[in-house]
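Two complexes are shown next, each including subunit A; its partner changes from subunit B in the first to subunit C in the second.
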Partner chain A sequence: MRNVAIAVLTIIFVVALGADVLSPASYKEQFRQAPNAGPSAQHPLGTDELGRDRLSRLLYGSRISLMLAPAAALLATAIAAGAGATAGFLGGRWERTFLSATDLSLSLPWMLFLMTVRALLPLDVAPAVSIAITFLLLGALGWAGPARIVRAAVVAMRRSEFMLQARGSGSTGFRIVLVHLLPNLKPVLITQFLISIPVFILSEANLGLLGLGVAEPMPSWGSLLRDLERFSEVRSNPWLLAPAVMLVAVVICFQIIARPKDLAT
Partner chain B sequence: MGLMPGVLIWSGRIGRRVVGLVVTALIGALFAATLVRLAPGADSDERDFDPRFSPASIHALHESRAADRNLARYYVTYLRGLAHGDFGVSYSLKRPVRELLADRGLTTLRLAGCGLIAGWALGLALAIVATQWKVGGMSTFTSGLSAMLLCVPAALIGLLVLAARAQWWWAIALIILPKVYSYTRGLLEKVSTEPHVLLARAKGLGRGRIFVWHVMPSVLPELLALAGISVSLAFSAAIPIEAVCDIPGVGQLAWQAALGRDLPILVTITLLLALITRAANAMADIAIAALHGDAQREATV
Partner chain C sequence: MKALSLLLVSVSLSVQAAQELRFCLRNEPKTFDPALVEDNASETIRYLTGGVLMRLNRLTQELEPELAVSWKVMEGSRAITLHLRENVKFSDGTPFTSDDVAYTFRRLMDPALHSATGDAFRSGEGNLEAIVDGPRKITLRFPEPVAGLDRMFDQAAIVSAHSSNRDAAVLGPFRVKEYKPGAYVVLERNPTYWKRDSAGHTLPYVDAIHLDIQQNREIELLRFERGELQLINTLEPEHFERLSAQVPRSVYDLGPGMNSEFFWFNQSAGAPIAPYKKAWFQSTVFRKAISESINRDDLCRIVYRGHATPAAGPVSPANHQWVNAALKPPPYRPEQALRELAQAGFRFANGTLSDQAGHRIEFTIVTNSGNQARQRACAMMQQDMEKIGIKLNVAMLDFPALLERMNRTLDYDAVLLGLVNVDIDPNMQMNIWLSSSSMHSWNPKQAKPATVWEEEIDRLMRVQASQLDYRKRKAAFDRVQQIAAEQAPIIYLVNKNVLSAVSPVVKGARPVPLTPQTFWNAERMTLDGPGSQSSH
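On to the complex of A and B.
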């Protein structure tokens, strides 16, 4: 299962990265004579209401979602690693402050908090800026859950024998963190990174569906899913489901990869 | 005599949760006040650009808003308003936020409440059937369904429910179900292999009896913790669902407020939902402590 998921993801990644070469047209090029057209040789997934090629938009949108969700996950994991490791290693007052901060952060309704912060920023920003804002926000706000797990792992390590031995042999705090703690945290951080990616993909999709994600004309899976709001047309135009199918496939693959190896086989 | 330490421990435990709620409210209010105060345009309104107002009148208007410029003073004013149930006035709808929430609160409560009940009932039932009564193929089907639902954005689930013309709360139920199912299933599988359950099975106890008397008591505390978290999940999911399904609830109001940069509405809803989440988690924690009987144990030590 795990190998199949990796293979499917690799194919989708390669196709998304090659959007410039594989797309029949640019994501913003309008074919004004053919709005809302069905599939054809020129437009394999048809065109949208503005006459833009759906396949091209799907490929470019995949590239944005697939490149930036891991970037946001990396940011969230980095913040989680810094905050969780510091709190777990120093303990005491630092740990209590950290736990209160994560408690507060986790009690905030994530979606609403994201919408509130997004609403503070201009809605009519340049598409590239909207992409950066959306994923930076996702990364910056998604740290609390992973940070608690990192802290728990560090607390367990702090009490472990190898740490006691390192301390006993005269290692200082900085050396202990760099040489002993971080290398042993790697599996936890990798798992948290992999778990965060589908969460951010789904969050971006929700934001995009609500019109608060990546700005037009730039496509993303969230903004492409807005076509499904005309659900009465889906039965006669099933190709409208392509972004949903792609999104679900990618999220399933990430979830399979993030699961422990013994469960994923 | 023996009751007193127990009462003290319980008072301390409940007191700590109440303090947690108050701290959340205070920090949330500070966050809210800061956002409202620092938002672009917070220091002006359309009257500043009304040609009918003289420069002197506009200056007077600016002076009247001067008190709000100091964040600390604004925070105190904001807190005083909150204490009296005054959440401010919506920028876009020009109505008190309290009135808007009162109009729509019941719809969201019904949506989240029914969805939570249905999601929990279905999730628990499927997990129990999959682990205790291993019906052929059922486990694979339910696990596949649950994994699939976990991979669909909440807004898309809302659209699916709308297309199926089902009751709206089904969308919340379908979001809660996979989380309850996968978590409960994992717990049940783990507990079913524990020594006390194996011993009960070796003694020849019936499947139902083992489940009710030996398995459930072991998983109940974790399920209660999940129940606390699922309240927050349901309310968060209500936002995209109400927005795409055109349900006139608090979630739709929050979405419209986000599009219209109406911060008084957004920060009030964020604050209220944070409090609901903390309260639900606190109740779950207290229930878990009651189940474990920690108070009695600690009292006797």
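On to the complex of A and C.
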């Protein structure tokens, strides 16, 4: 099963990276005589409302989302691991400060912050810069929830027998964190990482409403998934589900790859 | 036996459910005070509950008497004498007199109230003079002449001067019965409404109107399909297509509406943009070439699914009285556009257009985020302009950030937006065309007109505003439209068709392009067959 998941993910990544070669058309070319067309030999997933080839947009969109959403998830998980593990391990005022910081982060209206960021950016900011800023912001702002879970896991471990044993055998704080704590946190961190990926992909789509994110005509999974908002059309046009199927497939593959070795511990 | 008969009559009456018309408000009404209305939801309630002196017939586009049986505009459109209808009462039973008209207009004109409706009558400094000549006659004299004065009365709902509960006393066909914030507003029949049909029956026919507050258009559509709603005032093209496949008898494409979609280039001298860009934007040849490079037919066919018409100018063909019918939409001819640009010194080489100094022609068009039709229109314009070597960037901003750039910092190249016209009279466009206006979008607040043609537009707009003769006003405004077409300070794209839905159970509905499209004659609508009765 794990090998199948690895194979599927590899294929998806290779296809996404080879979008330039594999796509039937450019992601922005408008076939204006065939808007909203169903699947055909020329357009295997049909065309969107502007006549753009859906398959090509899915492949190009995969490249952006598959590279940047995991990167943002990695950033968020890394911040969560550092902050949560430190607070949980040291306890006392460190823990109280950490909890206040996460409470503050979770309660702040980040939407206003993001809107301010967009307003401050120049209007002609390059698409690549806009994309990078978007995922950087998502990664930097998405740490608080996972960090609280990491801290709870560390607090539970702090009183465990293996930690007492480590202390009893003379291990110091830094060594305990590196050798004993982090390896045992791996399942939690991997889970948080995997959960964050689809969340960030969908968040990117919502940021598009604020003018951040991946700008037209460039596609992303998030912008493609927004077609599903017209849920009444999905029944008669099931190919609209293709980006959702890809997203679910990728998330499941990531989970299968991670589970046998790490989650069983 | 008599008691049994009475009981039967009573039971029969109680099972006869009320006729209730249902449709949606797309936002929370911000006020029930007719003087303070600025949003669509509040305007809907004002339209259905407010009694006005004269009403614009949305079908004929003619002004008709309501609470005023006759009127005379005098002193060069500065004053108006009104003769009021007799035996009219507010919904609380208070008699309607000229005192109420005087009170309403004094209140509207009070600068401290900040009434948008009052602003339309306030053409200069000074106070309103209300001369009451008995209970049925009143003369209103405004500080300065008000162009199209009588038409303005369509939006001025009369409030009671003497009622103990002024908020509840209305003169329209309905009155507010219940309001649950975030959920619904229920209007019930005004028992003292004065109007009758030709057979002498009291209007309105329906007992109540239930207005659900619902922002989600998909849910609104689903509820309409299930028969829970009877009217949808404006439909998106994709929803229109869906309904026309499912309930073909319920949908109406009413042709071009009053609203238009357009964009303009920033020509403001103080704008913080590169001087070479300003030179492009101030060039009439450049603006017209851009206009001719856009395939408006494709915009109508693809973005609006065929439910739009290429726009010729600032006045929609739906406005029969004021449109300059001689104007035609700019043709799509990119090759001609390139030739004109070449004559003006632009160079096209290797698929790229440059100016004389070698700057690549690239600019950013900004529009409000969340509007998918505008986003798609921008994407189509990107491809169109690419054909003449122009790189068009598209930026989406939330509305406050967009307004900040448009009105304060002036830091933008071009803006794509739409205009919602609620009145057909050209005076409603004064703030757009006068060069001194803050709404003169491409170059606002000019101390004196920057160009000869803007000076000419200023003069013509003042001419039409100071005339009472329709033909003279029309001639002046026709010329304004012609100059706008020749100079293209605003590049008009499309006039969206008005798409509405009316359930087949509604009788008497006559949807029209003017707002409010479906319920402008709500007082004459009845419900029939399944779905006509409901309770709440």
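Criterion: the second predicted complex is superposed on the first by the 156 of 265 C-alpha atoms of A that agree within 3 Å, B and C clash if a C-alpha of one lies under 4 Å from a C-alpha of the other, contacts with A are read in each partner's own complex, and residues count from 1 in each chain.
Rule of thumb we're sticking to: a residue touches a chain if its C-beta (ideal position, glycine included) is under 8 Å from a C-beta of that chain, and two chains touch if they have at least 3 such contacts.
As the structure is a prediction and not an experimental result, all values here were calculated from the model.
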{"item": "Touched partner set for A:L247, first subunit B, second subunit C, both or neither", "value": "first"}
{"item": "Residues of subunit A touched, compared between subunit B and subunit C (which is higher)", "value": "B"}
{"item": "Partner chain(s) touched by A:L108 [first = subunit B, second = subunit C, both, neither]", "value": "first"}
{"item": "Partner chain in contact with A:F231 - subunit B first, subunit C second, else both or neither", "value": "both"}
{"item": "Touched partner set for A:E161, first subunit B, second subunit C, both or neither", "value": "neither"}
{"item": "Partner chain(s) touched by A:Q30 [first = subunit B, second = subunit C, both, neither]", "value": "second"}
{"item": "First (subunit B), second (subunit C), both or neither touched by A:N206", "value": "first"}
{"item": "Overlapping contact positions on subunit A, where the subunit C interface meets the subunit B interface", "value": "115, 118-119, 123, 209-211, 229, 231"}
{"item": "Residues of subunit B that touch subunit A when the two form their complex", "value": "20, 23-24, 27-28, 35, 39-40, 147-148, 150-156, 159, 162-163, 232, 235-237, 239-240, 243-244, 254-255, 257-259, 261-263, 266-267, 269-270, 273-274, 277-278, 281"}
{"item": "Residues on subunit C engaged by subunit A in the complex (per definition of touch)", "value": "218, 221-222, 238, 242, 298, 301-303, 362, 364, 366, 369-370, 375-376, 378-380, 382-383, 393-398, 401, 404-405, 411-413"}
{"item": "Subunit A residues touching subunit C - in the complex, by the definition given at the top", "value": "28-30, 32, 35, 49-51, 115, 118-119, 123-125, 208-211, 215-217, 229-233"}
{"item": "Touching residues on subunit A, where the partner in the complex is subunit B", "value": "100, 103-104, 107-113, 115-116, 118-120, 122-123, 198, 202, 205-206, 209-212, 222, 225, 228-229, 231, 234, 244, 247-248, 251-252, 255"}
